[in-house]
Amino acid sequence: MDRISSVGSPRIGLVQFPGSNCDADCIDAFKRLFGIELLLLWHQEEALPPIDGLILPGGFSYGDYLRGGALASCSKIMPAIKAFAGKGGSILGICNGFQILTESHLLPGILLRNAQQNFVCKNVDLAVAPGNSGYHSRLQGRVYRVPIAHGEGRYHIDQDTLKKMEDRGQILFQYADDSGLPNESANPNGSQSQIAGVLSENGRILGMMPHPERASDPLLGSEDGRAILGAFLATVL
Amino acid sequence: MQKELLQQYEKLKTLKRAGFLAEEADSFQPLLKKHKINKDEYKTLRSIVERAPTLAELGVFSAMWSEHCSYKSSKIHLRKLPTTGPQVVVGPGENAGVVRLSGKLCAAFKMESHNHPSYIEPYQGAATGVGGILRDVFCMGARPVANLNSLRFGQRKHPRTHYLFANVVKGVGDYGNCVGIPTVAGSVSFDKTYDGNILVNAMTVGLIHEDRIFKGYASGLHNLVVYVGSATGRDGIHGASMASDSFSTQASGERSTVQVGDPFAEKLLLEATLEVLERELVVGLQDMGAAGLTSSSFEMADRAGNGLYLNLDYVPSRAAHMSAYELLLSESQERMLMCVEPSKWSDLQACLKRWELPFAIIGLVTDSGRMQIVKDNILEVDVPVAPLAESAPRYERPYVLPKPAPQEDRRLRDLLKSMPPIEVLAAVLFEDGDKQRIYRQYDHHIGSKTVLGPEQQGAGLLWLRSEWAEPNEAAYLGLAVATACNERYCAQNPALGAAHAVLHCYRSIAATGAEALAVTDCLNFGNPEDPIVMGQFVASIDGIGEACRELNTPVVSGNVSLYNQTDQVSIAPTPMIGMVGKHKDVRHALPAVATKPGPLYLLRPRKQTHSLGASLVSKVLLGEAGTEGIPAIHWQSEREAAAYLQRQAERGDLLAARDVGAGGILTALVKMVLHLENFGLSAHLAEGLSLEEASLAYFGECSATYILQAKPGTDLSKELVASDLLELVPIGSVHTGPALQVDGHELSHLRLQQSAAASLSI
Amino acid sequence: MKFEVVVELKEEVLDTQGRAIQQTLQRLGHEPLSAVKVSKRFVLDIAGEDEALASALVKTVASAHLANPVAETFTFRRL
Amino acid sequence: MKFEVVVELKEEVLDTQGRAIQQTLQRLGHEPLSAVKVSKRFVLDIAGEDEALASALVKTVASAHLANPVAETFTFRRL
């Protein structure tokens, strides 16, 4: 997909669903880290304005009263988002945004209730799994410390699809120990293969449970989100 | 719609009235009793209504005059609290208190209890408690940025404790997480005084522009009264009087419909309310809290000195055939009452629709000075507004002031003489369990402001980055928040204990490098009709008042929760304190845990004393408070210690600071590295002392004492506090590697962490 | 022996989940969907042969742990 | 017309909630309780008289929304 405008900063949209609550954090992070003003898109719009990339923020859309993201995945704006994805558009879904992406089948798998049954809020270390996507090549070679805060983050997928995803390099992030080894004892929610973030086949849609937008300043505990959000921006440049 | 309501209003006089209660009937006295209206109160009621009331009217009076809504037992004493100061923008009386942080940037905050509902249904009780306090803050126009919660449960081995704990924590977490407000600090303890009556106190802090503080009135003749939010069900009817009810274990099976919290609806209500206020679409707005539609409509009308006409047929309801009584008194959650000028109605409507909130016009502002409420063409309520509020009962209940008389208590000292300190330490450290069980379930990062959260173990600290602050302060301005109350101290000595609660918050705020600004409280006490309990209450107010005057932290909001008792046994006085402070530069924020190696110091009074009375070690080893006294307070020392911390933090010389509280110096010291795998410490606190003396120095509790960690290479002792009162003593250092040594005792991490794991099962 | 326990909110208690699901799905065009109630269902496997004993156990477990009597009711049956 | 929809985790998906409940209850002394499976139950109210139509709607709603085929299966019946 061509960029909307080749000069100036990219046009990035952010969808607000009823119950989205990490929208302000995303807006703030993009402004401070990259000087980018996100375009706010209301869930009831049926068409997207011209954009280069799209963010689905975290929160509890519709209270997550069915499964996380299930009700939002059928909101009015979704067909336009699917069309954007179909054209190879770049999308970043964070936490609830990830759930919305799996629920609307833009990403494989499902996010089930955490294995230990409780909501969990903490910093995790993320390792970058093998793969050749733009994200992989930008992010490989180090560990990222990023907060998580969710009750339904246990990634599940059937074995065959998992194998295919691994072969195609669709796994991006895995929960790891601080040395960067994916590790069951570092797995906060029982995710299959410690999966914390996955990509679409074309490598342009990323869904992840951790919140890179919150790791936006050393004063907040980590600035590792900058690299991750930067890798997303790189996919639209 | 306005026209239609006006027409209805014109014809009001022709309507049939609901039946007046038959005062001679046998059922009448029991009915009054059920509504907790006593003889004198009924006399007043009658003189206001000028006839016998209808059932709905009786319900209205009962709710408005309940302890919960009217503060009838506490008001005369609350007046003694200091409430003013240059930082105070809005003092007590509004939905929340407001203090100025910098420039036009203010913090609105309040704390509230939800004790009884949480005991009956812990998950929903705790959740709706959080919802209620959030609404109090955002209906002033403030955007909530932090939640805190203070929890008190029965002993860990009490059969109900695990269930209550697990569900209260889940309820607090699920609600705050879903609305998207970080829970950045709190407190918890387990004590047998709460076996039959737990405490769930929730606090919210919001940010607001000084010129945009909203105090809503139902003003403007014929303006529309609009109901916004979830439909009304038969939830928590009598909630307001239940909150003032005491428990008996027998009655715990008999319940009205539980209130269910809907955090998703709350989030929509929050966004819609802030938008409505920002765009100035309404003249009045009030959340429907305790006593629901009744208290919100009366408050709104009373503040404007107006009357209201309401037609309950328009109230969205969830259950069939709800009576006027039920509609007026239901405590269904997530609802607001708004008052709008007809010209703004279409904008308001569009805004509410966008947020997918149900709404309905239910009435009009009138100049009658009366509350006139109709349902099914029957006039159900017709009472004057102002007298009802003005004549609310006030009680000067008899009280007996406590007279603490501490005495030496050898039992604990003898025990300490015979026990290895390391064993005592393990027991003390984990008495309240590992607090991760709580705060892991609370989102404490959302909002991207949390510089210090529960992982840093002290007060919460938010980085505000607000353009409303003074330009030279705006970039790194911080808001510090804390809550505390040591119920053991309060049981022993209510006045001094309450002062300690204020001090505890003050110290943990000072330990971040911030300056304390103001206080909110939540006064949890037993039955005020018991002169001893009332005496505890009065003494506590004195203690809080003294502390707040001495520390220059006025009380700007608060809440009173009485009748916390089971089977006639009242809880220990628990005046929970919440405090906010201002941090000038969050780049110099001090956590209460070590993050790097560096030298350690003890900042303490030159004449330090260690007290064992009502100490944590006494609770753990003796199973009771003992008879010795609790630490005395020396205000000047406290102020100097806090000022010293702020100064040193600002200079950038410090890495961490922790106030010494329950459990004494050794406990505080070990907690600074306990959760870190990569750091240990070596320190000397009581070398050369006898075991009894050493244990006293380790676990005795004290005042004006902090543990500081300096940046490596900084020698703090060079700039020793130039004070006659305080001294700074080097005690060792934090180093890399797990070894943990104090006075030659090896306190291996492993051992301690095992006890941490064991404490998981409450 | 398998038993099914169904735990439902009492009639008068607000079903926040059901309401949100119903409203959203109706807005999506499923107009005839006039109400949704959400409940929990447990399938319990009880070791042993004695049905009366097993059924008593199910009842105990359901009333003491699976359902919260303040807000919920339960029914159970053998599968 | 009322329908019941039951949404269950597929056999191969670990039911962590069921396992947690089973373990806790067994620890509390309910030894014969050898397995617990948790599922969701929805009661849908469909306006109209035509059962075939209603039943088709229930099926659509269940398969598109109430159950996620990646991990769940559903059954439904008229009540």
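Just so it is clear, A, B, C and D label the chains in written order, and each chain counts residues from 1 on its own.
The rule we apply is simple: a residue touches a chain if its C-beta (ideal position, glycine included) is under 8 Å from a C-beta of that chain, and two chains touch if they have at least 3 such contacts.
All of these numbers come straight from a predicted model, not from anything done at the bench.
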item	value
Chain pair, B-C or A-C, that carries the greater number of C-beta contacts	B-C
Inter-centroid spacing, chain D versus chain B (mean Cα positions, whole Å)	40
Distance between the centres, which are taken as Cα means, of chain C and chain A, whole angstrom	34
Computed distance of Cα centres, chain D from chain C, in Å	10
Junction residues of chain B - those touching two or more other chains	262, 264-265, 356
Multi-chain contact sites of chain A, meaning residues that touch two or more partners	62-63, 65-66, 71, 74
Multi-partner residues of chain D (each touching 2 or more other chains)	65-66
Those chain pairs that satisfy the touch definition	A-B, A-C, A-D, B-C, C-D
Partner chain A, residues of chain C touching it in the complex	16-17, 20-21, 24-25, 28, 38
Touch list for chain C against partner chain B, complex	10, 12-14, 16, 20, 23, 68, 70-71
Chain D contact footprint on chain C (complex, rising order)	6, 18, 21, 25, 30-48, 53-54, 57, 60-61, 65-66
Chain A contact footprint on chain B (complex, rising order)	170, 173-174, 177-180, 262-265, 267-268, 355-356, 439-451, 455, 463, 586-587, 589
For the chain A and chain D complex, residues of the former touching the latter	66-67, 70-71, 74, 102-103, 108-110, 112-117, 154, 156-158, 190
